[in-house]
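What follows are several structures.
Both complexes below contain chain A, partnered by chain B and then by chain C.
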Partner chain A sequence: MTNTDPNTTVDKRGPRVLRREPGVAEIKPRAHVRNRKAAERALAIGVPAALLLLWQLAHHYEWNLLGYWKIDQRFYASPYEIVTSEKLREADFWRDVWTSTRRMLIGFALGAGAGVFIGLAMGMSRLVRAALDPLLTALYTVPKLALLPLFLTIFGFDERPRVMLIAVTVFFFVWISTMAAIMAVPEGYREAAMSFGVSRWQMFRHVLLPGSLPQIFVGLRIAAGVAVLILIGVELVIPSQGGIGSLIERGRTLLIPELTYVGIALAALLGLLFTLVVRWIGRLLIPWAPEDNAPGQG
Partner chain B sequence: MRGTRKDWWLKILGLLLVFAVIASACGDDDEGSDPEPGDDASDSSGDDSSGDDSSDDGDDGGEDADPLAGCGEGAVTDLSPDRDVARCEPGYPAPQPLEERASVRLATNFWGFEFTAPYVLALELGEFEKENLDVEVVTGVSLADGIVQMEDCTVDITVGGTEASLHNGISAGLTVKQVIGNYFPPDAGDTSIDQTGLWARADAFTNPDDPDLTELEGTTLGTAVALGSVINYPIGLAFQEAGVSLLDLDLEVIPSADLPLALENGAVQSAWVLDPIWSQLADNPDFVLVATQPPGEALGGLYASSCFREDRREVAVAFIRALIRTMNTYLAEGYKTNNVEELQVLADVADIPLEAFTGTPETLMDWEMGEGTSERAQGFFMEYGVLEYDEIIPEDQVYDRSIYLEAVRGPEG
Partner chain C sequence: MTDTTRPKISARSVERVFAAETDNPVHALGPFDLDIADGEFCCIVGPSGCGKSTFLRIVAGLLRPSAGAVEVDLAGTSKTPIAMVFQDYGIYPWKTVEANVRFGLEVGGMSKRDAREKALFWLGRLGLTEFRNAYPDKLSGGMRQRVAIARALAVEPEILLMDEPFAALDAQLRQILQEELLALWEADKRTVLFITHSLEEAIVLGDRVLVMTARPGRMLESVQVPFDRPRTPELRAEPEFNEFKAGLWDHLKLQVEQYLNELRTVEEEGDER
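After this line comes the complex of A and B, so read on.
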């Protein structure tokens, strides 16, 4: 049998005695953690930086990719042009950014609040689950952007249809993860609590909520990203009254590529920042949860 | 052996002779088919007697018939706002089929509207075919998207208005230019006649019989398009004459079909309402027409980059010739009574009842591009802050009138 652990060797004094030597992580744990984190940071910064550099070069030299896609400087903005864009210094521009941020925050708060509430109720009560699950599951599959004409009819042409569409989209993501999180709390926890004779409120406060919060925050983080997606989608469809989506659309319809690219970059930045904020709040509220509990997020 | 060699030479000579005879016979056939453009023109007129007559005139001349015979002095105007719209005889300019079949890709966001009639009918009634053109239509493409596609020759020609995107594109170094106009309402400028224009709620004015546009300052204006659209040129013009800027109003972008409803429920106090949607507001005392399109000005048309205008000039001229012939044959003045069959074709394409077209006043189809429209529109676009440059681009960099001039006047233009 071959020994595959580099830190473990077969002792020469006897063939069946194994001796394991400590690795770097054990000999210099702090240095090891420091090095690992440095490597992670280098990758987190280096990979996007390398891609941006590639983009800048492709733009500068107008590369012709695969002989089909020419990077025409008239239609594509470079990272440098985006960062140094005059648009970033215009007050109207930042008004659009604030408009989008406000819509997203309000929509997210409404949708997440309702999603957590309904999710908790359905996770804790079979009757509520029986009553609402088929209906919500059916509605979940409806593309939310398709509801926009309906919302425009109900709420008119002001901010409400935009905010409500974000809220409804967020609701479904949060509702499902909350319900699943409550139902996934191990039966042993409940039985242990019941053996202490806890009330329903105590069961919720001390067992179900702490047990489900990590998973709920996974849902909230995913919903934060989705909120940005639907926000930009709505603003693209109804570009009046501003917003980052309307900036992107304005750049397209006025043939100002720089504006479109700045808008796209800002949408990405908004999504990243918002997801990080939700993640940070999660870490404040649930310090017992694993550090990174949402694959692919943050 | 010598005798055999001589026989071979004789056989080869004989074969060459046979080939020569066959080749010359084929050549005769080709030449014999040349006069067909005149025939085609007469076919194209269908039941339209005037079209038949004029194209028959073309036939009479056979090979020597002048394909531009029906395009006299009236085919070119002085481009002033009060001019009579340019016209040739029906069936003219006669087809001059390309020697080799050519394909043309037309990109448009609009298909089946009345102002699209020239190219819809040219396609449906075979006018492109007569020029030996194979036209492919790609729908759902805005002018801005089409301009980008045209620059790498993916698309040949695009439909749209004389919009901010066109001017921004030209300013950025794109080769796009407008090559043909489209239409204007015959009663443009006269608000006493119901038509496309700026409609408002009567209760927005102290005296609706003599509406004062300054009273709309601070109210909401509904429009189907954003500030970069050419529609905001006539709207801006109307408000400018009243001493108000369009920027002094709140703009709400609302789908065209919903504008009457938005006016009715007070969501907007005024709106630019297009054909035939304004007919929902006509004869209703709650609404008044307060401004129209400027007279004699087509606010849009077709656009092409150098790929089509220069590199495929012959094809471009053939394409425009087919459009002009379609306007003269099926869409000349009186077409709503004289060319109902052709309108039915348009109605079928649009999938709407014929009455939607016959119930509204005629549109004056105009292939020319009036003088100064682009520059005046740019002035308003600059005020609205939708242009990426500071000095107005002269119209010779925006318009290429040489193609339609060649179509009606020949290569000398």
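After this line comes the complex of A and C, so read on.
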């Protein structure tokens, strides 16, 4: 082989032979997949279990972390203590869980519904976009928790300020991702539909909605997580009418640390379950998208 | 120096099965055997879905075979010994033409200045100089494919793998690019493995035409192309060309029918059991 260009990059490893051979995944495909899944499951369970064990040990021996952070048994509850706590059995926290779940579901439904609706309208119409984009973009940057005093003044101390705050937060996440999703539907798909003379509704039903659903669900999943965040935040600020946040705060004021830990775990669990449900609905609605229904991310 | 009698690429009983861990495995390729000499321009033709891309990806190291092995003999004259040109995906819409061509050089560790100089050289050879600051989005299909070829050649690979690079182009443009590719190949005679579903394209370009069976792809026929080099695409106007093509075509038809008959008897035997 002759090279016409002087600027050649020579491989310093010199002459060698590349071999393309079957690997373990090809030689024993079934066993390989089985082993990989088993390893993944073991990690999913093992890592939290190991952390719990560490926590128990740290508590038992009152470890002194980095020399100045002492695990004092008076302030820290151990996993074992929490699970076996009598006080916990007396505390009626399922009411709080239900209160929080209800707030979250209603708030999320309102916010997501409005977000998808406005997002679709803005994605599809230049005029609607022109009318709402500057306003919403400005409001988007306002920390939503700052709206709480306002909502309390307007609605008073009932469920509405909490639900509204969740709805507003969810709205912005869903609105942005929906609008971006619609506008990102490739021109080729639109033109193909237009060549068949589709109506505006048909364009929406057959092209824009399915084309943007995967991205919309990415937004919904993020919003689901943020909804829990805001929910617990609000309940911590106004703990008077129950909820998981109020449970966490009660643990502190009543000097029952177990309660606080349980509250945190419940909040995590609520968020996990809720995002899983949103993801599962996404899979049902978007059978054509890859596993995680997040195109362009993997 | 590498042993000149050794093939550049040698495939031995290469097979690939997809979804092998499930109850519906797809036997995509093989067993497939092939030797390609250093500097040979080898074209593979075969029905769609017969495993051509699968084989190319195995040679490139993007995919492992399920059985058998491919050996690639490298002389060590290039830092990126194997380069690939895909049918459509591959050049990045977020990079300018020049940045696309520089990409392979920069990830290979070349300094920005040298990479730029070399990229400009190859852009010139493919007639892309005036588009060097454009984004691929603004280019026609033929121009985009030129960018892909420039990017692959810029790293001066020992082996060039091309997977139906001209399939999406119109007939005239196809012919122009074939001509350009012939000229580029004449200049430094790299080993090329070129996949196409056009028998005509394979004959115009290749030293040898390999025909594969339907899935799972096996070697059906390997024919030496008798026409002298340097060639031009005008070759296809010659009577000898059409004679050769027609002969190959008849031959193939017979083979394909034979192959189908064999399949049928195998299936019937299977049914009787």
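Keep this in mind: the second predicted complex is superposed on the first by the 257 of 298 C-alpha atoms of A that agree within 3 Å, B and C clash if a C-alpha of one lies under 4 Å from a C-alpha of the other, contacts with A are read in each partner's own complex, and residues count from 1 in each chain.
Going forward, contacts are C-beta pairs under 8 Å (C-beta built on N, C-alpha and C of every residue); 3 or more make two chains touch, one makes a residue touch a chain.
Bear in mind the structure is a predicted one, so any value in this text is a computation, not a measurement.
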{"item": "Touching partner for A:Val17 - first (chain B), second (chain C), both, neither", "value": "second"}
{"item": "First (chain B), second (chain C), both or neither touched by A:Glu40", "value": "neither"}
{"item": "Dominant toucher of chain A (residue count), chain B or chain C", "value": "C"}
{"item": "First, second, both or neither for A:Pro29, with chain B first and chain C second", "value": "second"}
{"item": "Which of chain B and chain C A:Asp72 touches, first, second, both or neither", "value": "first"}
{"item": "First, second, both or neither for A:Asp133, with chain B first and chain C second", "value": "neither"}
{"item": "Interfacial residue positions of chain A with respect to chain C in the complex", "value": "1-5, 7-23, 25-26, 29-30, 32-34"}
{"item": "For the chain C and chain A complex, residues of the former touching the latter", "value": "1-2, 17, 20-21, 38-39, 58-59, 61, 64-82, 105, 108-110, 114, 117-118, 121, 155-156, 158, 187-190"}
{"item": "In the complex with chain B, residue positions of chain A that touch it", "value": "70, 72, 74-75, 156-157, 238-241, 250, 252-256"}
{"item": "Contact footprint of chain A on chain B as seen in their complex", "value": "142, 144-145, 147-148, 151-152, 164-166, 168-169, 172-174, 226, 228, 251-254, 262, 267, 386, 388"}
